[in-house]
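Next come two complexes, and both contain chain A; in the first it sits with chain B, in the second with chain C.
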Partner chain A sequence: MNTLRKTIIIALGLVLAAFAGISFRASRFLKEPVVAGPSVARVATLGEYFAPIKGTANDANVFFLEGAKPGGTVLVLGGTHPEEPAGRLTTWILAENAVLDQGRIIVLNSTNRSASTVTRPSGAYPATYTIKTDWGGQTFRMGDRWSNPLDQWPDPEVYIHYPSKQNLAYMDIRNLNRDWPGRPNGTLTEKTCYALIQLINKEAVDIVIDLHEAELQYPVISTIVAHPKGLDIAAMASMTLSDEEFKIGMEKSPAELRGLSHREIGDFTKAIPLLFESPEPFLDATRGRTDARLLLEGKDDFVVRAGKRGLLFEKIDAKGWPIDVRVGRHCSTLIQVLSVWSADHADKAVIMTGVPKYAEIIQKGVGAFLHDPAKSDPKKIYYE
Partner chain B sequence: MIITWLYYLLVAYVVVLMVWNLIRSRKWQEEVLYVVVLLPFVLRLLRLK
Partner chain C sequence: MKHIAAKSILVLLAALLAAGAISLAAGQGAAPKASPPVLVTSCGQSQGPAMLNVILKRVGVDYDITPLATPQDLKTKPYKTIIVTMGSSLKGMGAAGISIDDELKRIAELIDAAHKAKITIIGAHIEGMKRRAQGADAGDTTDEQSIDAVAPFSDILLVIKDGNSDGRFTAISQGKKIPLVEAEKNMDLVAALEKILK
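Showing the complex of A and B:
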């Protein structure tokens, strides 16, 4: 009797383990197709810029979008923090739709690919989310803010940033946006930053755009954070967008906080780094149920109540912050930055068409700009 | 890498201890508890997270 009972309990446990394990494995190895757009001239991998990255979880695809006329080079980073999906989805729209007339845009959809293969432990995050399209939908990995501990472990008691020696939170040694400029003999995340610095130098990148989202309780939100080298561009883009499309601020990258893209890329390379932030209620600590609906619709009664008590740095109402609005903000901000840069640097202009602006994305939805891999040339499909 | 292997050895050791206690237990409530606690350890050994 005792043995039979134990066998049944163990069997039930194994069934539960199987369900959980299959779910974890499926989201970790989910393939996300990218249909290379009309201007994608070639697709490299990050490992080509720093050999130790080759074959690792962070050997990400690097899409080169090139125009007929020579011009400047802009690097767009999506997925520095994969749990901020507007950034990744913006890079999908770019890679699949952008048409370059002049200059180059280099796109990484999964800058920290490792972080896209895990969700926050004990966070009850959805494993995946699906963007509706005319042809059904495209599913993406939810991801986390930090690299997967399966790829980089253990964390130190205190993370000492290289080379500043600033003490940062222990888990931020796996945070790509605390590891810049990276180091060749460091952790996987530090090596990834180092590889990206090699890419920026080798490809003579003029501007780096790092796409993010933020909780509404965080003061750096709905803004462009700029290195001192890029303050003029950010200011002009911010003023124009606020006048014509939506309110967006600008902030100067603090010199005292190390490891961030908008600081270290500017200090260690010739490129101008800019970081875009859009509002993501999913990240707020006071949120309610943490599911894909909240991620994509951005509606949450608890966050609205926090706003009524003056606890937020961005407005929110019952309409929330849908993914179309957040991606639309990133696309329009990118277009505006390119416009400002190109107006001042005719010989290094980056002229791009084919990418929808804020109003068009809200009207048609993000899914309208994702291409059906089943109806595309297989040679043009790449997997993240 | 050495720390990682030590970690997995430690996890395996905890799994063995819990399975041993599960086998020796006489209460069904405790057996269910052992199995539930075992789940994340087993998944971690299988590198599923």
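Showing the complex of A and C:
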């Protein structure tokens, strides 16, 4: 009798594990199409800049958007933290729509591709989310903040950042935005940062823009975080956007906090790093049901209640923070930064059209700017 | 004859209108003026000086930015104006290794030295409501402490309207008879400072 009960329990466990495994596998290997836009001149992979990355989970696509006239070079990183989808969706819009008149924009949709293949353990995250389009919809991997443990394991007791030797939380050794500037003989995530530094140097990148989202209980929100050498650009962009489109602040990258893109890229390369943060209630600890609806609509009664108790650093009401608003903020901020940079650096200007601004994305929705792969030239389709 | 009378009446009317405009201006107080060179500092280590760096470049006056300025800095150049930005950043102060008490002490000494040297003090609150207690962490009063340390001791108050939506700066201006210059938008600060400094 006892044996029979144990056998049934084990069998039930195996059935559940099989269902979970199928779901995990489907999410991990979901192919996300990108229809290369009119200015995409070539698509490389990150491994071309550092051979040990070649063929790994982080051998991400690198889209080169080039204008006819020479100018500056801007690198835009989406998917540093894939669970912050406004970043990836913004780079998708760039890769599929941007028209470069002058200069170059280099785009990564999956900067930490490994992190896009897993969700938060015990977080009850949805495996995927779908952006509605007039041709049906496009499904994306949900992703997590950290690289997939299947690709990088085990974590140390304490993560000692290289080269600063600062002690950081153990799991942040898998956090791409705590591993800059990386090291050639480190973990997969550290090697990824190292490869990106090689890309920045080899391609003589002028500005690096790292796209993020933040919980409303975190003070660094609705802002541009700038390395000291990018403070003027951030100040001008934030003041103009706050006057004309939406409120956005600016913060100086603290010298004491190591491993972040807005600090280490500025310290270790000639590029100016900027990091954008938009509000994402999905990330708040006090959220309710953690599903794709919360991810995309940004509505949560519990987060609203936290706001009424003065616990938030950004406003929220019943309208929430929909994905269209969050992506709109990133697109407009990027356009404004390019405008400020180009006005002050005529010979290194980056002149771009074709990317919608805040109001247009809110009016039409993000899906209006995603292209139907079924109706596109197969030669222009790349998979993340 | 009629022509001369008509002209005389028109001139008289114009003179009366001009007198009315002047008296109206006098009733509001003369437009506040200050002179360069300007030293910009912060009470609370927020991003105000970084914003003013962009603004003052466009104004085109001689200025320096010293976020942790002390009375000694006033001796390095014949400054005629200091702009002290109000509003605190716990992160900014943490990065500088100081507390709000350190900031209040430093600014009190700087303002005292500036008054003695007859240097005009512009108290500037230009980051809106996020640099007020209403926009800070629950229980964080450092923004208001920064305002208390600077605004009542300023010669001119320069604020973005959004940060004065509760009338705090208007009350200080009226109570202390300090001219208040309000800018609707961030980039309006360029024109406001051009009027003050040029």
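Methods note: the second predicted complex is superposed on the first by the 370 of 384 C-alpha atoms of A that agree within 3 Å, B and C clash if a C-alpha of one lies under 4 Å from a C-alpha of the other, contacts with A are read in each partner's own complex, and residues count from 1 in each chain.
Just so it is clear, a residue touches a chain if its C-beta (ideal position, glycine included) is under 8 Å from a C-beta of that chain, and two chains touch if they have at least 3 such contacts.
Bear in mind that the values here come from a model prediction, so they are computed numbers and not experimental data.
Of the two partner chains, chain B is the only one that A:K6 touches; chain C does not reach it. In the superposition on chain A, A:P154 makes contact with chain B only, while chain C stays out of contact range.
By the touch criterion defined above, A:V118 reaches chain B but does not reach chain C. Touch criterion met: A:E256 reaches chain C, while chain B stays clear of it.
Residue contacts after overlaying the shared chain place A:W135 against neither chain B nor chain C. Of the two partner chains, chain B is the only one touched by A:A20; chain C is not. Once chain A of one complex is fitted onto chain A of the other, the partner contacts of A:G310 are limited to chain C, with no touch recorded for chain B.
When the two complexes are superposed on chain A, none of the residues of chain A touches both chain B and chain C.
On the chain B side of its complex with chain A, the touching residues are 3-4, 7, 22-23, 26, 28, 31-32, 35-36, 38-39, 42-43, 46-49. Remark: chain A residues 219-220, 231-232, 234-236, 239-240, 242-243, 247, 249-252, 254-256, 309-311, 313 touch chain C in the complex.
Here chain C touches chain A in the complex through residues 47, 50-51, 53-54, 57, 90-92, 94-95, 127-128, 130, 137-138, 185-187, going by the rule given at the top. Those residues of chain A lying in contact with chain B across their complex are 2, 5-6, 9-10, 12-13, 16-17, 20-21, 24-25, 28, 118, 121, 148-150, 153-154.
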